[in-house]
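Two complexes, one shared chain (chain A), two partners (chain B, chain C).
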Partner chain A sequence: MTLVQALFYLMSFIALASALFVAATKNLVRSIFMFFVTLFALAGLYVLALADFVAITQIVIYVGGILVLILFAFMLSGKETLNVIAQQRKQFISISRLPALLVAALFLIVFVNVIVKVDANNLEWVKKAIATKNDIQSNAATTENIGVNLMTKYLLPFEAVSILLMIALIGAAHLSRKERTE
Partner chain B sequence: MNFYLTYFIIAIGLFGFSAAFALFGVYAERKVSAFIQDRLGPTETGKFGSLQTAADMLKMLQKELITPAAADKWLFMAAPAIIFIAVYLGFAALPWAPGLAPAKLNLGLYYIFAIISIETLGILMAGWGSNNKYALLGAMRSAAQIISYEIPAGFALISVVMIAQTLNLQDIAAQQGILSTEKVSFAGFWDVSSIGGLFAWNIFRAPHLLIAFVIYFIASLAESNRAPFDIPEAESELVAGFHTEYTGMRFAMVFLAEYSMMFLVSMIGVILFLGAWNTPLPNMGVVKLATWTTNAGWGVIWIIVKTLTLVGVQMWIRWTLPRFRVDQLMNLCWKVLTPLAFACMLASGLWRIFLM
Partner chain C sequence: MISLTDFLLVSAVLFCIGLYMIMSKHNAIQILIGIELMLNAAILNLVAFGRYDRFNNGGQMFALFAIVLAAATTAVALAIILNVYKKYKTIDPGKIDGLKD
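Entry: the complex of A and B
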């Protein structure tokens, strides 16, 4: 087993174990901090897949932004509220969990199907890309590639997303503004 | 196998450096504050009190590790480690001299920016885990402050990246001196590619980067929770902020993280704006000062001298200015620094297109 493979299995194990903990624990705040470990392990997997820019962006946005935002919501909402959520019914199978079980089961079917049907070592499009030298080498500078593509091929989606974010920003600013007393 | 051994040695060396710097930093801080407040500072332990921080460290090592009964034990124990490791990871990407960097990341600057944001999470963890109102308030303030000030700091950094056209810190460093492969011009008109020295530094290559540097420096004070932005640990209202409940080695870790953070943000400022490991001495005719003083050995000396100067300015500011109120802090960030940083970014774009 090469070092890369060992790292892959290590990262995958950490990601899966911590994700299981996040889903299973009753302590909501701890589950959020555990989610941080999951995100870190995922970032590690991205690095192994030569997507270093994606890995760092994941840490900036999820860890530095979204996780901190969730934590803020928790800290503003007192211990009593959290205790109510923590004291849910303990039984594993109940009618209120049916939708979740259904979705999980469907996803399992999809995943098993993918694993059984796809021959990951001889994919058509991967072979084609390697043949036409359209693949990313381990020493390639991916940032320039992403930048150029965002500004040329994917300019319209990029601008659409930026307008969406702008709308969200203006909306947030409007909501947080003090009402003028008349 | 030697390959991996080198990595371990470098990592341990960086840890040793940050610990040694914290020892020196605490001593310097106490002497600087004493000078500013017309006191003597530590004088008893060792010559001029120079062994004071070592003695403090010994005291901390022996102290009992108290975990409050109502605290969330795991979060409480893990938080100081996360706070310190987040800062320590940042050191991996910093270039020390030509050809001398722990890791040659082509995303170096972005990586450090990401790593710094992890510290917020550690602080929130400490605040929540302590189960203490002062700790929680301190953590909330700290997170709000760091997140807000990341925006002007980020845009100040982007305005440098737009001039430099790379995120690799080693490349950004090399562009600011005689080792540059492209044309370097002072303020956009005077070609100083072979003169180097002070004139090739980023703040002089494009004058608006001087403003960007000031914005970055102010924001970096806020990100390392230093006065005048130390409301997270405002001792007159919050006892000690997010680390109120910490004792012994855990407290030492938080302290180590604070001083390492000071060094880290100063060094990033030096690399991006103040010429990194390049010499301040220009080539003048036959007196080739820049050529003589640009190599690996000199590089380490220059970057440490510049960084320590910035750390000194941080200390000077801490003991001179009073603390900001929360609303003043947010006003400064959102109404002054952020628009200015945006203007700098715009200026960088125009500069790159029309003057370079």
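Entry: the complex of A and C
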């Protein structure tokens, strides 16, 4: 087993274990902070998939932006969420979780079945990409290519997403502003 | 190198954990975290396949767009959650059952 494989298994173990902890724990604060760990481990997985720029973006936007927002929402609505947690603690084994667990397990079975059947390493276009040297090598610098592509080939989606981001920010600010007393 | 199947399996498990969180939690913030987990599973798939597209960078580019969209969604969703909390004093989606007036 090479070092890359060992790192991959380590990262995916951390990601899955912390995600399971996030899903299983009843303490909201702990689940938010374990979500940090999940996101960092996922950024590590992106690096192992040779997408370093996406990994950095993941850390900057998810860990720096989204998690801080979630923490703010938790703190601004804190008291009631703690009550919800206290209510959940009274039920010892909740039968109401069973359908969710069942659906998730069935989805997992279907996914694993499909993934094993499709055998993604031997897909037609993947083989072609390897044959024509279109796959990213582990010593390649991809960030420059991403920048050039973003300003040429993907310019229209880039502008569209910037407009959408502005709309979302204005909408969020409008939703959360105080009602003016008349 | 790591095979594509490994990445796909990891992302399938992550997706199912997110699905379970969305269906079983009684707290809007935890449901939001579940949605983020599912989005991250999708982004992991995009990135894993994007390795085989060096010149156009299709997979990585759409992973970036998905991250930006997730950020926008979260901002709006949290504003909505705070408004709902102000009005109903709870963020359990099962208990928010009153229409306007």
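Annotations for the structure displayed:
Please note the rule applied: the second predicted complex is superposed on the first by the 146 of 182 C-alpha atoms of A that agree within 3 Å, B and C clash if a C-alpha of one lies under 4 Å from a C-alpha of the other, contacts with A are read in each partner's own complex, and residues count from 1 in each chain.
Here is the rule we use: contacts are C-beta pairs under 8 Å (C-beta built on N, C-alpha and C of every residue); 3 or more make two chains touch, one makes a residue touch a chain.
The structure displayed is predicted, hence computed values, not measured ones.
On the superposed chain A, the positions of chain B and chain C stay apart, so the two partners fit side by side.
Of the two partner chains, chain C is the only one that A:Leu20 touches; chain B does not reach it.
Once the two complexes are laid over each other on the shared chain, residue contacts for A:Asn121 go to chain C alone; chain B is not touched. Taking chain B and chain C in turn and counting the residues of chain A each one touches, the greater count comes from C. Looking at the shared chain after the overlay, A:Phe53 reaches both chain B and chain C.
Of the two partner chains placed by superposition, only chain B is touched by A:Val29; chain C is not. Once chain A of one complex is fitted onto chain A of the other, the partner contacts of A:Phe72 extend to both chain B and chain C. Remark: least CA distance from chain B to chain C after fitting both complexes onto chain A is 14 Å.
Shared contact residues of chain A, touching chain B in one structure and chain C in the other: 53, 57, 65, 72, 74. Residues 72, 74-75, 78, 105-107, 110-111, 113-115, 117-118, 120-121, 124-125, 127-128, 136, 139-140, 143, 147, 150, 167 of chain B are the ones that touch chain A when the two sit in their complex.
Those residues of chain A that touch chain C in the complex are listed here as 4-5, 8, 12, 15-16, 19-20, 22-23, 28, 31-32, 35, 38-39, 42, 45-46, 48-51, 53-54, 57-58, 61-62, 65-66, 69-70, 72-74, 76-77, 80-81, 84-85, 88, 96-97, 99-101, 103-105, 107-108, 111-112, 115-116, 119-121, 125-126, 129-130, 133-136, 138, 140, 142, 145-146, 149-150, 153-154, 157, 161, 164-165, 168-169, 171-173, 175-176. Across the complex, chain A is touched by residues 1-10, 12-21, 23-24, 26-27, 29-30, 32-34, 36-37, 40, 43-44, 47-57, 59-61, 63-65, 67-76, 78-83, 85, 89-92 of chain C.
In the complex of the two chains, the chain A residues touching chain B come out as 27, 29-30, 33, 36, 52-53, 56-57, 59-60, 63-65, 67-68, 71-72, 74-75, 141, 143.
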